[in-house]
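Below, subunit A partners subunit B and then partners subunit C, in two separate complexes.
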Partner chain A sequence: MATTTSGTTAADAEPFDIVATYNELLRSDPDLTMPIAAIEALVLLLTQSVSSTISETMDLLEKSTAHLKKSIPNPIGLSAGTDLFQRYLITTLQRPGLLGPAGDFKAIRTHLLTNGRLFIRRAKESRHKIADFGRGFIRDGSTILTNGGSRVVAALLQKAADEEGGPSAVRFRVIYVLSSTAQDCDHPNEEPEGMETVRALREKGVPVSTIPESAVAYSLGKADMVIVGAEGVVENGGIVSRMGTYQIGILAKAIGKPFYVVAESHKFVRLYPLGQYDLPIKQRVIEFKSAEDIAEESKQDSPATSSSGDDQIELPLCHSVDFTPPHLISALITDSGVLTPSAVSEELIKIWF
Partner chain B sequence: MPSTSLALTPGLGSFLQCLKTNPIDTSIETLISLLKRRQIRHSRSCATATACLLRGVITSCRTNDSAKLIERVQNVGRRLMAAQPREMVVGNIVRRVLGLIRDEAEDDREAEFSLSEVGSESQPQTPRAYDDPSLPLDRDSPSLRDDRTPRPPLTSMFSLLSQPEPENSLPSTPGSQSPGGRLFSHGSTKDVRSEVIEGIKEIIDELGQVDDQIAAYALDHIHSNEIILTHTSSTTVQKFLLKAAAKRKFTVIHAESFPNNHDAVHATVSGAAKNEDENLGVEAFQKPLIEHGITVILIPDSAVFAMMSRVNKVILGTHSVLANGGLVAAAGTRIIARAAKVHQTPVVVVSGVYKLSPVYPFDFDSLIEYGDPSKVLAYEDGDLVDQIDVQNPIYDYVPAELVDLYITNLGGHAPSYLYRIVSDHYRKEDISF
Partner chain C sequence: MTDSDPAPVAQPAKPQPTETQTLPIRDSKPEPTKKDAPASDGAEKPLTPGELKKKAKAEKAARRAREKLEKDGGAPSGAAPGPGANQARPPITPKKDTAAAAQKGQKTPTARRGSVALAQSGSALVEQKKKRDDKKVAVFGHLYGQQRRTTIAGGGKEVHPAVLALGLQLRDYVVCGSSARCVSTMIAFKRVIETYTTPMGTSLPRHLTNHLSHQITYLSTCRPLSISQGNAIRALKLAIASTDPSTPESSAKTTLCEFIDSFIREKITVADQVIAESAAQKIQDGDVIVTFAGSSIVKETLISAHNQGKRFRVSIIDSRPLFEGKSLARALVSAGLEIQYSLVHATTHAIKDATKVFLGAHAMTSNGGLYSRVGTALVAMSAKERASGVEIPVIVCCETVKFTDRVALDSIVVNEIADADELVVNPSPDQITGIPESDDAPAVDNKKGKPTGHEPPAWSNGITKSPLTDWKTTPNLQLLNIMYDVTPAEYVDMVITEMGSLPPSAVPIVHRMTPISKMSKDSSASYIHMHQPRLADLFEEFTRPHTSPTDHNDREPQASPTTIPSFLPVEDIYVAPQYQPPNPEDEDDVVPDQHAAFGITRAMDRRREAVWRDLGLESLVNGQGNGDAEATATASGSGSATLRGSGGGPAAAGMPVVRVKAAGRKMGGRRVVGLR
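Up next is the complex of A and B:
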């Protein structure tokens, strides 16, 4: 436990800031997903803390999780990670064996602290596993419509295009929907997300067409299937994903094209949204204004930031999400196989009850 | 194969005969050629043949080493599936047998573990590795214990955070061998082989009983004075209806399913059913529906839509059921299911669990088999044959959203629940072997 003691001295100097750690993790590794960053942040938190009893650790985790969730504008993805971490601790402690109640609490602590890197590696490997499962969906001569900047979708498409990915590369075409609102709000002049994937695919010889969101209905007739990524997969099998996914889902259903979602199983989150406006986030997509309101706003110049401390932070428009209900989804391609939307709740039940 | 039910015709009967007298390799070849030539065709016949063949394979394998048994079964299974990739039940049975072997091997390992646990408690100083010469001796004891601990089934979501795989911590172990493989390879206390054979026998029994088990649910689904529409001469459906006919009066509309199955349908309806399913014995003497006082109306397939507005329920048999809830069934089924959807008529599919395949239909077209075009247009019409292209698809793919309920020998399930039955029956590692 040498690492812990040295960590403690560092913690004395400067209190551990889980939010900053989480953001730093996400920034430092563009390949990291939100749930995994959350798990990593919690692991680092445990490294810094001196807690030696189970309930102390649990309490610390709970408080930090609550703090983290409140400080991040979109906590859906990360709550999948924190929940998974907490449930893992609880179930491992209840289970007989070395890490169980009879065993040493330190053992599980050491396991978690020493294997942080391993978790990240596994999470990234699961992306390749999904790509292997999903390869079968992409057939010679097919056209795939996709959107957003999902890394799993990118991995899947690139794997299919790769010569090494299987017996031979699949010859397929991609219609890439580029979002107009999803441009990075910090750098408004940068290219829309997904361009990197588009370039990589074109590099591999895959013909890619980029279309605006308004052309989805027009283009779907030429597509054989829709494949999208997800930020979180909710209990009923629906997905929370980049704004614009819902409408693609509706259109695909109307035109009768299969709509597949690729997502790692650590993105499953215990949430049951009943509709678009039932998500635990605050985003100002619809805003009614009269001329009077606009005049007032320009007088104030800066938008009123008089939100009280308890409130959820508002999600900037460029990161806004929507909810695609399960009946629009043909199948979820995850690292535990191809699932129907109703299988998601079972996976969640397995870890919670 | 309507006109070929002589004793000498190659089929399930001749194969089972061959299995009794010939060495196992000959029997494997026989079944492969039967499958290739489509001389064995009904789902159940194929399933029975596969199960019997695998029983023979296991019997002839003079080893108790489950890893070797798995390899052997996989080998045979691959050849059978390559012979007729569209006959999904063959793969299903192979996967179930593989699952059986794996289960036995794991039981074995657990029993062994508890034994060695007792031993190590009495002599805490002895490293457990001495009990087992195949394990390297230079390992530290905690990792050894982790390796041996019978882990409760880790869910897939937890697998992200779980203990590292033993291989990672033990670079000294040969990389190709999984810890499981190594563990079930050494001398076991139990006769794995006989347990597996016992399990296969249960599968064969299940194949024999499946229709009766399904029929037991008939009274829950067929009510008095209902009008039921069905299609093809599926024995499962016939038994289902007969069971209900014993208690209730209803009407059956039977679509004749021209051109692949109409003779059999006519025979079934009129009660002159020949021994169509080769392995049937007692069933062949069963009374037809009409003798139970059921009104049976025979219609051509083209009249399905016209009749649908009067129908209360559609009951269909199937060739195989896929993991997403879709099914591959006799040609014409999709029209019926679609017509039922338009009229909001419930569609019930009756199928044994053995027809449920873990295969995901990536490409629907590849599942459809094309049959003898001369059934559509006989060769006697020589002039026409030269000039037009005749096609006779045997199967239809019916998407899951057209089916309301599946009735298997385990009960009724919604199509979205089938994945669960798949995961109960097949092991993940066997899905694509």
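Up next is the complex of A and C:
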């Protein structure tokens, strides 16, 4: 984090580019989640800005948030962070006393910045907290099916693996679903996401089996539970997650295996999708083509991919997401405890009102 | 006059049949009679003293007759004339109605049927009574309460004319719909407050509540109060009760009127706009929206989506007997939308190509159930259990003022039964084709073998009547006209309120946060959570009233009063008048008397704690990370007193902090005693 801060302050002269900062933050720290990166970017923005009044600050924040949301193809995870930060600012500023509207603005700003940093640090720590909560779910002799490249799930599994020093106090096995779509996008030659976790787990003595998505239904009979990560937890307790999570959820429900979601509470996002096609992102998963269309496309070739107007940028297929409705989820393991899906809305309401 | 006057004297049965049968006056002929009823009321008013006397006599006779009947029949008093024997009011009304009708020489079905009963004798009475009970659907037996009021007579002198008029409008569904009822009630109460003067020897906060409860009682006899009305009344009473008795009457009244205005604005008007706005966002081009009956907020939503240039179709499902969907269809068509209108039997057909279902609500219960016009559940369930494929999202638009802490598991325990005669369809008088049929009155007479003193009403001649017309005399036929049903939470995907979109499971949480709910103890959250036993000790230590310093020193020599946060002995605590619990006698059942005290003080503390608690933000905001903890602590002192743990653990790791809200401390002494 220190490096990124110095990196951006070096570029002091030119106007602060929130999108670039956000992307840079995400790239520089593999452990950073989207909401946290967004908050960090906003904190950096406030450090850079010369605003001297509250309304100016709020205005700046709003504008850059909107800009950031527009420029990122999948703003769901990110908006959890920006909303949270905005809410935090408002509540802080509404407090009576020195830090309230009557107080010294400079003091308020330094206070915000310090606390913003602290918040980021704590948010990173929350992964360990979740691992502590979730450890109890992994029993001796159980088999866990998981997917995607969630860092929280990885942290949880690894924590369970190196329990109490010795090699794997809890003996469990992992069935890792490797996505086929995630491969061919930014880095076509890279291994599918999750391989790193697989290797780390095998290192720790956990037997891991990797299966393709098509084998989920086949393998679920051997699994005891499903644990998945999430990009965002929405208001009704459902999750927005890597494409393929929804079908695992449906299968788990059909077969009668518990389906747990591991997510930090800063991923709770104020969003209420009614179904798969109600997400505020544009992704072209289903595409109907005839032979003619394909011929047409191959003629034009390149511009088809970057035909974005001024509204939402399209999400590439490898990063596509789906929505898992709450009734498929058994429980959410978060840093504020293990919650039922319906408790999520309670948490969100507590934050927002 | 001559006919109806001796009737009660000679015939104990008289009040009973008339009571039930006055209702057909308004219901059998929906449109024209609605106008008739108030008209006849108006005609009643200028009665001569002689007539009044006669009427009073008739009333007395009726009462006596009923008492006699009860003795004869040996049946519990509550069974037959719903209202209960000690209330003189309800029996009066039908009686008077008949009298008035007869006076005017009007030949109404009432008078006609009344005369049937007239000829019955003692044993037949009991039989008749049994028959009346037969007409109640057994499962819903508990819901047949008082008959709805039919006139404004007997409303009591305290009832304001505006409220009298409103009552009738409510009864006749002129004012219909949860929001409309709530708003009109509040406006009527504003009138009441405007014309109110505090009598000598009482104070406004104490007497006005009492005065209002007369109005409320009157309204509830016209039609059972809706949840929204109840919540609004509760809020108003809260506002009245928290008025400082020392404020001059005029300014207190102005404040209350402003309160009503802002309540309507905040809870209904603006809330509706916000809901319509956010619900409209859920409508997309090409949608087919299904809605049931006529909800004002759904109407606003659809119109605002239409105004945003969205292209979608609306399918309205409607049902008898109120046909609320008709006015919705009319409004939407005139706004330029494309409408399909069908009745409830065509639900599956309408649902077939629907993409979303929008529903209004009468209330949302604490278990997430949607309590709405009967038929709603059918629509919601068919949306979720479509024979073909994908479920359709069911979206409910509902203001938070309609949330209740009640729980509804089915539609049977809590419901409202409307007059079953509403179900009897009568063709409109200007219908010209149809088989002329002999009137029902002679038919009834023939059956009973008694002659009538009245001719059948002229309008009924030559009109086909519904086969249900005679349902009251047809054996084994019961009509059920319930008003509401409950849609279980699992059939509702989303509730759009002015506070945002929620899953139905979040209803109790939101309800708990609204100040109205704090009136009742059941729904209020306790706000001191002690995670460790040590904290409980600490709290106890803090709240322990010390009557004398010696006693204190005996027990704990080292803990001198300086280390313990100071507090007053109970008797030294001055509780300002506005914080004192209101006189229990002034309260009606809307506010459970004891809890009112809690509610009022709690409601005073409107400022909500900002919570970002997942990440320990509370302590962050308190400035722990910054070192300016002291400043923040003192600064935030106005809202909540923070006191550091003194006796028990040092402020090391978690920093044991007991938070006691300011409002809690005001009531301090009293509650402390309770806690111990």
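The criterion applied here is as follows: the second predicted complex is superposed on the first by the 320 of 353 C-alpha atoms of A that agree within 3 Å, B and C clash if a C-alpha of one lies under 4 Å from a C-alpha of the other, contacts with A are read in each partner's own complex, and residues count from 1 in each chain.
By our rule, contacts are C-beta pairs under 8 Å (C-beta built on N, C-alpha and C of every residue); 3 or more make two chains touch, one makes a residue touch a chain.
Please read all numbers here as calculations on a predicted model, not as lab measurements.
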item: Which superposed partner A:G136 touches (first subunit B, second subunit C, both, neither); value: first
item: A:A331 touches, of subunit B and subunit C: first, second, both or neither?; value: first
item: Contacts of A:I39 with subunit B and subunit C, given as first, second, both or neither; value: first
item: Partner chain in contact with A:F85 - subunit B first, subunit C second, else both or neither; value: first
item: First, second, both or neither for A:Q94, with subunit B first and subunit C second; value: second
item: First (subunit B), second (subunit C), both or neither touched by A:S345; value: second
item: First, second, both or neither for A:M195, with subunit B first and subunit C second; value: neither
item: Partner chain in contact with A:G275 - subunit B first, subunit C second, else both or neither; value: second
item: Contacts of A:N236 with subunit B and subunit C, given as first, second, both or neither; value: second
item: Subunit C-contacting residues of subunit A that also contact subunit B; value: 84, 87-88, 91, 95, 97-99, 111, 115, 118-119, 122-123, 126, 265-266, 335-336, 342, 346-347, 350-351
item: Residues of subunit A defined as touching subunit B within the complex; value: 39, 84-85, 87-88, 91, 95, 97-99, 111-112, 115, 118-119, 122-123, 126, 136-137, 139, 265-266, 268, 330-331, 335-343, 346-348, 350-351
item: Of all residues in subunit C, those that touch subunit A in their complex; value: 282, 356, 390, 393, 395, 490, 493-494, 499-503, 505-506, 509-510, 513, 608, 610-617, 620-621, 623, 625-626, 628, 631-632, 634-636, 638-639
item: Residue ranges of subunit B touching subunit A (in the complex, touch as defined); value: 142, 145-146, 149, 152, 155-164, 168, 323-325, 360, 362-363, 416-417, 419-420, 428, 431
item: Contact set on subunit A toward subunit C in their complex; value: 84, 87-88, 91-92, 94-100, 107, 110-111, 114-115, 118-119, 122-123, 126, 235-237, 265-266, 270, 272, 274-275, 278, 326-327, 334-336, 342, 345-347, 349-353
